[in-house]
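In this document, chain identifiers A, B, C, D, E and F correspond to the written order of the chains, with residue numbering beginning at 1 in each.
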């Protein structure tokens, strides 16, 4: 039997949307107030969803405590109370859109999961805007 | 990389469930209090989810501001504070069940998305009842 | 010891804001789209909060099952899936603003509470708009 | 047209994680405080999602009232205010992890759905931990 | 200036409502399924609200990190994943109704607050039932 | 009759906690990661609650549309997508703790309310931390 186990987590961070390939004017035109040079910020709500078979011994797909600790060490410790543009290497040359943050989180968590487990990241940037990423291309 | 970007929106409206092919008695029998001739209403919560590749220039699948404005002009302006049965053409001959409202919203938004983008509509009729539609038949 | 016990409930209804003392034009001017002649509607979320001493025998201020049943018979059965303007006597000559609906609910529940218990009604008309009423004048 | 109709429900129950094949020490080591011999408990939030074609007569995939009643008789009456380990036969020899509870709920509901309808169960054990099951193996 | 600072926390526990002064029959009659001898359980959501003046040096009424840690050591460590009736001394001779749990939490936290700070406890037993206690009698 | 009308709004912003009277070391010691020199950020959820008598003509305490527009022009336009420390005059010499932000919002809105209306500001800095301010000293 295949199930999905999900864990919600939280971090908050400052960021701005900015492309170094563009003039300040074009950044303002495309990204609007999201490109404020002094940054703005969000409470990011993260859901990490792991899909795989139930372990017949434990009855778990993955011990949610393990998943919680993995999110803590790989994501929260790196992103929480940080400026994504200035403090986090993942975005040193990558625009921290919600899409790119979700991919970065996927890339940080996936190598720590056992082979055969699938991962989906859902990331709320605000209560009304969110993205999800499964590590695949259609 | 393929991701899904979702935007939540809101409208409220009156409606009643009613089939013109049936007697009043049969409408009452099948649809119960949802068929009250004087209408009842809901705060509909809408999630429009767009799936496609990340644009390498912007880092967006779709600019969520564009998606927000599209929902505003195509759905909210047409449905908000309206009587779905009496004021909205989509339901002049279509029973406004949550299922049909979700399909109508899909049909209003899909033509405005770039080719290659997939759309899913999730519609909460109440906090406990909701439907979703991806524009496909299994 | 004095505590407050609260119970959340739900009903959905159609309504329109309308003053019979005014012209249609003035109703439209003051109440805007909330005055649509064909009605609109809401999922009303209701919180009834009862304040009083703990009964030393049961450890309850009020048995929440009793409170739940009271809301069912006095409010939900009367308001749910109804048109507040047309189907509910409380609003035959009273404009069904959120404020007036909260007062009507207070007046329906209060007489059924034991002497010495205080009541507060909180009513969400939408997830972003809500009112509360304690039965007092400042 | 194929849609998914979802209904949220609620039950609360006591449980403990425990494998009869293991020593108490190993149970404590693997399951930690979730294995407290005197039990702990949760407010389980359940979402049952049914996927299928729209019935052209009613405009429903499934009447949500039917789905609500099915959840009531097959799940809530059996699980609500119970001790899953001691009071519910499904777990007489099955560790009541969130995964196993979701599978048990699937198995209770699926036989009551018309042929051709798909079912997915989402079960929140806490607001931050949840699982989902579609009755399939990848 | 006087403000209120609130912190939400979470614990889950098993309990049953039971008065040792009554027969089993009377316990069942008064407390219904809440008196199941094998216990049931809840995800309790706790809000601790502290009211007092802003410290002109820090700009805090109370450092929310201090409040969070206080809830952790005084409440979560004692109640989380426990059986309130069997594992927690506060309820060795006190029926663990939501009201009594709120009072017990108040009594655990209040002595650790600086003189002059007021405390209110709000405790959700389910998403629809909650109580609050300010340490006063009307 | 006296009621309270509440409106929820939203803004997101970057900030850091920092006292210019202290060394960097002391700022770090007192404010921890909240004092990150490159800022972090939040989705602030704001509730503005206005208490007063019902206007017998409209049935409103305050037209919630008026309250919504007031929050837009006085708070959202000034704070949304901004760096509170660098971009907002209110905090040019005031540490932007949740407490101080709530007071600043109160001071921005109160002068625009009619005499006799009371105002309470509730501000969520995260889903688990929030403050409220009524403009009074105990």
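As a convention for this text, a contact is a pair of C-beta atoms (placed from the backbone, for glycine too) under 8 Å apart; a residue touches a chain by one contact, two chains touch by 3 or more.
These numbers were taken from a predicted model, which means no experiment stands behind them.
Shared contacts of chain B and chain E, meaning chains that touch the two of them, come down to C, D. Chain A maps onto chain B through a rotation of 120°, based on Cα atoms and reported in steps of 5. On residue numbers, the A-D interface is repeated by A-B, which shares over half of its contact pairs, out of the options A-B, B-C or A-F. Using CA-based centroids throughout, the chain positioned farthest away from chain F is D. Among the remaining chains, the Cα-based centre furthest from that of chain C is the centre of A.
We define each chain's centre as the mean of its Cα atoms; on that basis chain A and chain C are separated by 41 Å. Averaged C-alpha coordinates put the centre of chain D at 28 Å from the centre of chain E. In terms of their C-alpha centroids, the spacing between chain A and chain E amounts to 34 Å. Looking at chain C, residues 127 sit in touch with two or more other chains.
Every pair of chains in contact is given here: A-B, A-D, A-F, B-C, B-D, C-E, C-F, D-E, E-F.
Considering their complex, residues 10, 12-15, 33-34, 36, 38-43, 45, 80-83, 86-87, 126-127 of chain B touch chain C. Those residues of chain F that touch chain E in the shared complex are 17, 19, 21, 30, 32, 94-95, 97-100, 102-103, 127-134, 136-138.
Those residues of chain D lying in contact with chain B across their complex are 1-9, 51-54, 57-61, 64-65, 118.
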